[in-house]
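Below, each structure is written out as C-alpha cells.
Two complexes are shown next, each including chain A; its partner changes from chain B in the first to chain C in the second.
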Partner chain A sequence: MAIATLDRAASLNPWRQRALAEKALIGFGFLALALLLPPWPGALLVSLAICAFTFFGARVPLRLWLTTAALPLGFLASGALMLVVEIGAGGVALAPGGLVPAAELAGRAMAATFCLIFLAMTTPMADLFGGLRRLRVPGELVELALLTYRFVFLIADEAAAMTAAQRARLGHSSRRLWLRSTAMVIASLLPRALARARRMETGLAARGWHGEMRVLSTRLPACGRRLALVVAVQLAVVLAVLAVVGLG
Partner chain B sequence: MHIMEGFLPASHAFGWTVVSAPFVLAGAARIRTIVRERPEARLTLAASGAFAFVLSALKIPSVTGSCSHPTGTGLGAIVFGPSVMAVLGVIVLLFQALLLAHGGLTTLGANAFSMAIVGPWVAYGSWRLAQVVGLPFAAAVFLAAALGDLATYVFTSLQLALAYPDPVSGYFGAALKFGSIFAITQIPLAIAEGLLTVVVIEALSGKIRDEDRIAALSGGRE
Partner chain C sequence: MTAILSAEDLRYAYPGEGPALCSLSLQIETGRKLAILGPNGAGKSTLLLHLNGSLRPQQGRVLLGHQPGDYSRRGLSQWRSRVALVLQDADDQIFAATVAEDVSFGPLNQGLAEQVVRARVQSALTALGIADLAGRPPHLLSGGQKKRVAIAGAVAMEPEILLLDEPTAGLDREGADQLIAVLRQLGQRGMTLVFSTHDIELAQTLADDVALFQGGTVLAQGGAEAILTDAALLARAGLRPPMLVDLWLMAQARGMCPAAGPMPRSSEALLALLFAETPPARCAV
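So, the complex of A and B:
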C-alpha cells in the first residue's frame, strides 16, 4: 500500500466535510470501549457499530478497507497463536484454557483496529492535528507535525521515483543488488530532504516568515443531534455488554 | 516490530504510555526551545521526521523470502542522536498508525518505548562502545544498526510476555514463545538492516575520512 493511499481515501471520503468532533467521538470513543469493555460481547458489538459507521455512514470502499485490515492480521495471527500454546516441562503443548483468551484477544484487537481504520479513512491527518491545536497542545509541536505531514508526500514521491528508476535498470534483480539499491535511495534521500528544507526555509524567510504556517481550513461546527446519536449508540453498547455480563 | 492496535490490555497500554512520556516530553521540550530560538530549524526537523517515516515504508529483501522494511533506528541514532530520535520515532509511529494502519494509537506508548527509546539507545551505546574498543568503522555501524533492531525486537517480546504470561512457565516462557515466533522475521531483518545501514553511511559520507564522517553528517543537518 502506497503512503498516500489512506490519506487520499480520507480526503475523498464523504465524511471529510463532517466536523472533527463527531468523527473523533466515534473513532476514539469506540476505541476506548473496545479496550475497556470485556471482550465478550464488547468486541463484537463495538466491531458491528464501528463497521456500520464506516460503511453505511462514511461509505468507505469495502475493497480498500479489506486491504488495509489485512495488514495487521499477520501480527494478530502469530500473536494470538502464542496464547493457545504453553511451555511446560515436556516442551510446547496446547494450553488447556488457551483458546478462550486467544479468541478474546483477537476480538479486542480487531475491534480496536477497525476503530483506527475508521479514523484513518475519514479524517486526513492535517485535520487531526488542527484538533490537537484546539486541545492546547503546544503550537510549535503541532506546526512541526503539520510540516512533517506536508514533507512526507514530497519525499515519498521522490523515493518512489528513485526506486522505479532503479527497477528499470535491474537494480532489484538479486537480493544483494536490491539491498544495495535501497541503501542508495536512503543515502540520496536524506541530503535531498535536508536540501529541500533549506530551500524552503530561504523562500519562506524571503517572505518574512516567523514560524507559523497559516493555511485556510474549513472548520465546521459539530451537530449536536449527531453527537447525541453517537453517544446514544455508545451507551447502548455499554448497557448491552453489562446486561450480558450480568446474566452470565 | 509494532504491537498492533488493541493488542495490549488497557492497563498495559496506559502503563507504557506513562513510562515513555518523560523521554518524549523531554525531547519535545528541547525541540520547543530549539524552534523558539531558531524558527527555521523546524523545517530541518520536519524534513528529518518525514525522511524517517518514508525510510520505514521502503522495502528491503529478507532472508526468509518475504520482504520487510527497515526501521531506521540505528541510522537515526547515529546521525541524529538518541534523544532526538525519541521524538522523531513517536512522529514516525503516529504517521504509521494513521497513514498505514500499522501499529496503533493505544499501543503508541509501548511501541514508542521499544522502537524510539530502547532501540536508538542500544544502537547509540553499541556505536560508542565499538568506537572505544576500536572496531573498524563498517563493523561499528553494522553492530549499532543490527543490535538496535534486535533490542527493539527482544524488548517487544518482553512487553508481550508481561501482558500475556504463559500459564505454566510464566513470564519467562511467554518471552521465549513470543521471541521465537517473531525471530523468524526479526533476526534476518536485523542482519539486513545492519548491512543496509553500512552502505547508507558509506554513501552518505562519501570520501571523508572515518573519524570525520559522522561529524560531517551532523554538521550537514545544520
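So, the complex of A and C:
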C-alpha cells in the first residue's frame, strides 16, 4: 500500500481532530502493555482492546485496515514459521518445543503492530511532528525527520514517473532489462534529490530562513475524561491478565 | 514613475557555462505588473534569483530604491522581506507538514509575534482562496493548489514586490485562470508583481509592462501594448504577437475597427471593438 494512502486516511479519520495526547496514550500505552505483559493472555486482550478503539472509536474502515495490516502480518507469519521448523540432516522438521515461543512471539508482535496501525490510521505525520516539538525533542532531529518525510513523497513520485517512462520505451520487457532500468532509476535519483534539495534551500532562503525551521502548529486540548477512560481500560487489561496468570 | 527595484548592467555566468546574464538592465516600477517575457533558457529565472539576492552578480548591481543591495545576513533578511520570490516548482518551496504551517514559516522568520503570524496566515490563505486547505499535508494537494500555497507563503510576508517564476507553468486552464484572477487582486491591493513567462498570452492578459528577454539580456522594456504589438521586435526574441493582437492589427489594417485606442486584452474586448458601430446580426433560430 502506498504511504500516501495511509497518510490520506489518517487526515480524513474522524479522530484526526482528537488531541494527540489521547491517541498517543492509547497507541503507546497499549504498545507498552503488549511488550510488558505475559503474552498469554496479554497479547490477546491488548489486541482486542486496540481493535475496539480502532474500529468502534476511530471508525477505521475494515478494508483499509486489512490492506495495511497484511504486509506486517505476512512478515510476522514468515518469521514465526522460522521458529517452528528446523532444518537438519533429516530435512525439514518441527522444532522440538518451538511452537510455544513462536506463538508467544507472534502474539506479542501482532498486538504491538495493531497499536502502531491505530496510531498511523488516526494521526497524520504532521501532527506527530508537532507533538515531538512540544515534547522538546531537539529541533534538528524533528526538522531532519520532517524533510525526510517530505522528500519520501517527492522522490517516490519521481521514481514512479521515471519507471513509467522506461516502461513506455520497453525498459522493463525482460528480467535483464528490468534490472538495468531499475539500476538507472536508482542512480539518477541521488543527483535529482540533491538538485531538489539545493532548489529547496533557495526557496527557504527566499522566505528568510536562517537555520531554524519554525512553523506555527495548532494544538488540540486533551480531554481529561477520555484520558481517564483509556487508563481505566488499560488497568482493566492488566488486572485481567494478572488474574488469569495467577489462576494458572 | 519611480523604480522600486532595478538592475544595472548585470553579468552572471554559472560555473563552467557561458554567461546567463550579460549587461542586463531593468527597472521595476511601483504598483505595476511586469512580465519578463522570453524563450526558455533566456536567463529569466537567473534574473529573478538576482532580484531577491539569492544570486550575487559578478558585475553590475541590483538597487532597492536608490540603495544598492546589501548582501550581509541582516541586509538579505530585510531585502527578502520586501521582495518575495515564488519558485517555478512549488514542491521546491513547500516543506512543512501542513499548508498552514508552511505559510507561517516566512512571517515567523520575520520575527513577528505569534498572534500576528496567525492573522497573516489566515489572510494569505483567504486571499489565495485556500483557507479550507489549511490542515492538509502538501502531498495531498493538486498542482494548482500547491502553487497557491507557495504564493500564500510569500504573500503572508506582506512584501512590496512579489517575484513569480513561470506562475502558470504546469497548470491546466482553470487553474491558470484562477491564478491570474488572484494575481490581479494582489495587484489591485498595491503589490508590485514581476513574473517570468514564455507564454505571450499570459503577458498580454496580465502585464502592464513587458521586458522582452533574449540571450541573457533585455531587448526592450516598455508598456505591454508597445512591446506586444511590435511583431519585428518579438521575432528577434523568437516570439510571435498574441493571436488576439494579430487579429486586432489585421482588423485595423482593413479599417474594421478604430486605428487608435488601447490594445484589447480579451476576446470580448476585441469583439466589442470590431462591432462597436455595427452590432452583430442576431442569428435566426
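Criterion: the second predicted complex is superposed on the first by the 234 of 248 C-alpha atoms of A that agree within 3 Å, B and C clash if a C-alpha of one lies under 4 Å from a C-alpha of the other, contacts with A are read in each partner's own complex, and residues count from 1 in each chain.
The definition used in the following text is that a residue touches a chain if its C-beta (ideal position, glycine included) is under 8 Å from a C-beta of that chain, and two chains touch if they have at least 3 such contacts.
Note that this is a predicted model, so its numbers are computed, not measured.
S.K.: Consider chain A as the common anchor and indicate whether chain B and chain C clash or fit when overlaid.
M.R.: Chain B and chain C fit side by side in the superposed model.
S.K.: Return first, second, both or neither, reflecting whether A:126 touches chain B, chain C, both chains, or no partner chain.
M.R.: The answer is second: A:126 touches chain C but not chain B.
S.K.: Where does A:8 make contact in the superposed view: on chain B (first), on chain C (second), on both, or on neither?
M.R.: After superposing on A, A:8 lies in contact with chain C but is clear of chain B.
S.K.: Which of the two partners, first being chain B and second being chain C, lies in contact with A:203: first, second, both, or neither?
M.R.: second
S.K.: If we overlay the two complexes on their shared chain A, which of chain B and chain C does A:231 touch? Say first, second, both or neither.
M.R.: Neither partner.
S.K.: Of the two partner chains, chain B (first) and chain C (second), which one does A:68 touch, if any: first, second, both, or neither?
M.R.: Touch status of A:68: first partner only.
S.K.: Quick one: is A:165 in contact with chain B, with chain C, with both, or with neither? Answer first, second, both or neither.
M.R.: neither
S.K.: Is A:220 touching the first partner chain B, the second partner chain C, both, or neither of them?
M.R.: neither
S.K.: In this superposition, which partner touches a larger number of chain A residues, chain B or chain C?
M.R.: Residues of chain A touched, chain B against chain C: more for B.
S.K.: Per the contact definition in the header, classify A:138: touching chain B only (first), chain C only (second), both, or neither.
M.R.: In the superposed model, A:138 contacts chain B only, not chain C.
S.K.: Taking the superposition on A as described, I'd like to know which of chain B and chain C A:77 touches: first, second, both or neither.
M.R.: neither
S.K.: Tell me, in angstrom, the smallest C-alpha to C-alpha distance between chain B and chain C in the overlaid model?
M.R.: 9
S.K.: Considering only the contact definition stated at the top, list the common interface residues of chain A for chain B and chain C.
M.R.: Residues 7, 125, 147, 149-150, 154, 196, 200, 204-205, 209-210 of chain A touch both chain B and chain C.
S.K.: Please give the residue numbers of chain C that touch chain A in the complex, ascending.
M.R.: It is residues 49, 52, 54, 73, 76-77, 80-81, 84-85, 87, 89, 91-98, 100-102, 104-106, 108-110, 114, 117-118, 121, 135-140, 153-154, 157 of chain C that touch chain A.
S.K.: Within their complex, state which residues of chain A touch chain C.
M.R.: 4, 7-8, 11, 124-126, 129-130, 146-147, 149-150, 153-154, 196, 199-200, 202-210, 213-218
S.K.: Residues of chain A touching chain B in their complex?
M.R.: Interface residues on chain A, with respect to chain B: 1, 3, 6-7, 31, 34-36, 68-69, 71-72, 75-76, 78-79, 81-83, 85-88, 95, 97-98, 101, 105, 108-113, 115-117, 119-120, 125, 128, 138, 140-141, 143-145, 147-152, 154-156, 159, 163, 175, 178-180, 182-191, 193-194, 196-198, 200-201, 204-205, 209-211.
S.K.: Write out the stretch or stretches of chain B touching chain A in their complex.
M.R.: 2-7, 9-10, 13, 28, 31-32, 35-36, 39-40, 42-51, 53-55, 57-61, 70, 75, 79, 91, 94-95, 97-102, 104-106, 160, 164, 166-169, 173-174, 176-178, 181-182, 192, 195-197, 199-200, 202-204, 220-221
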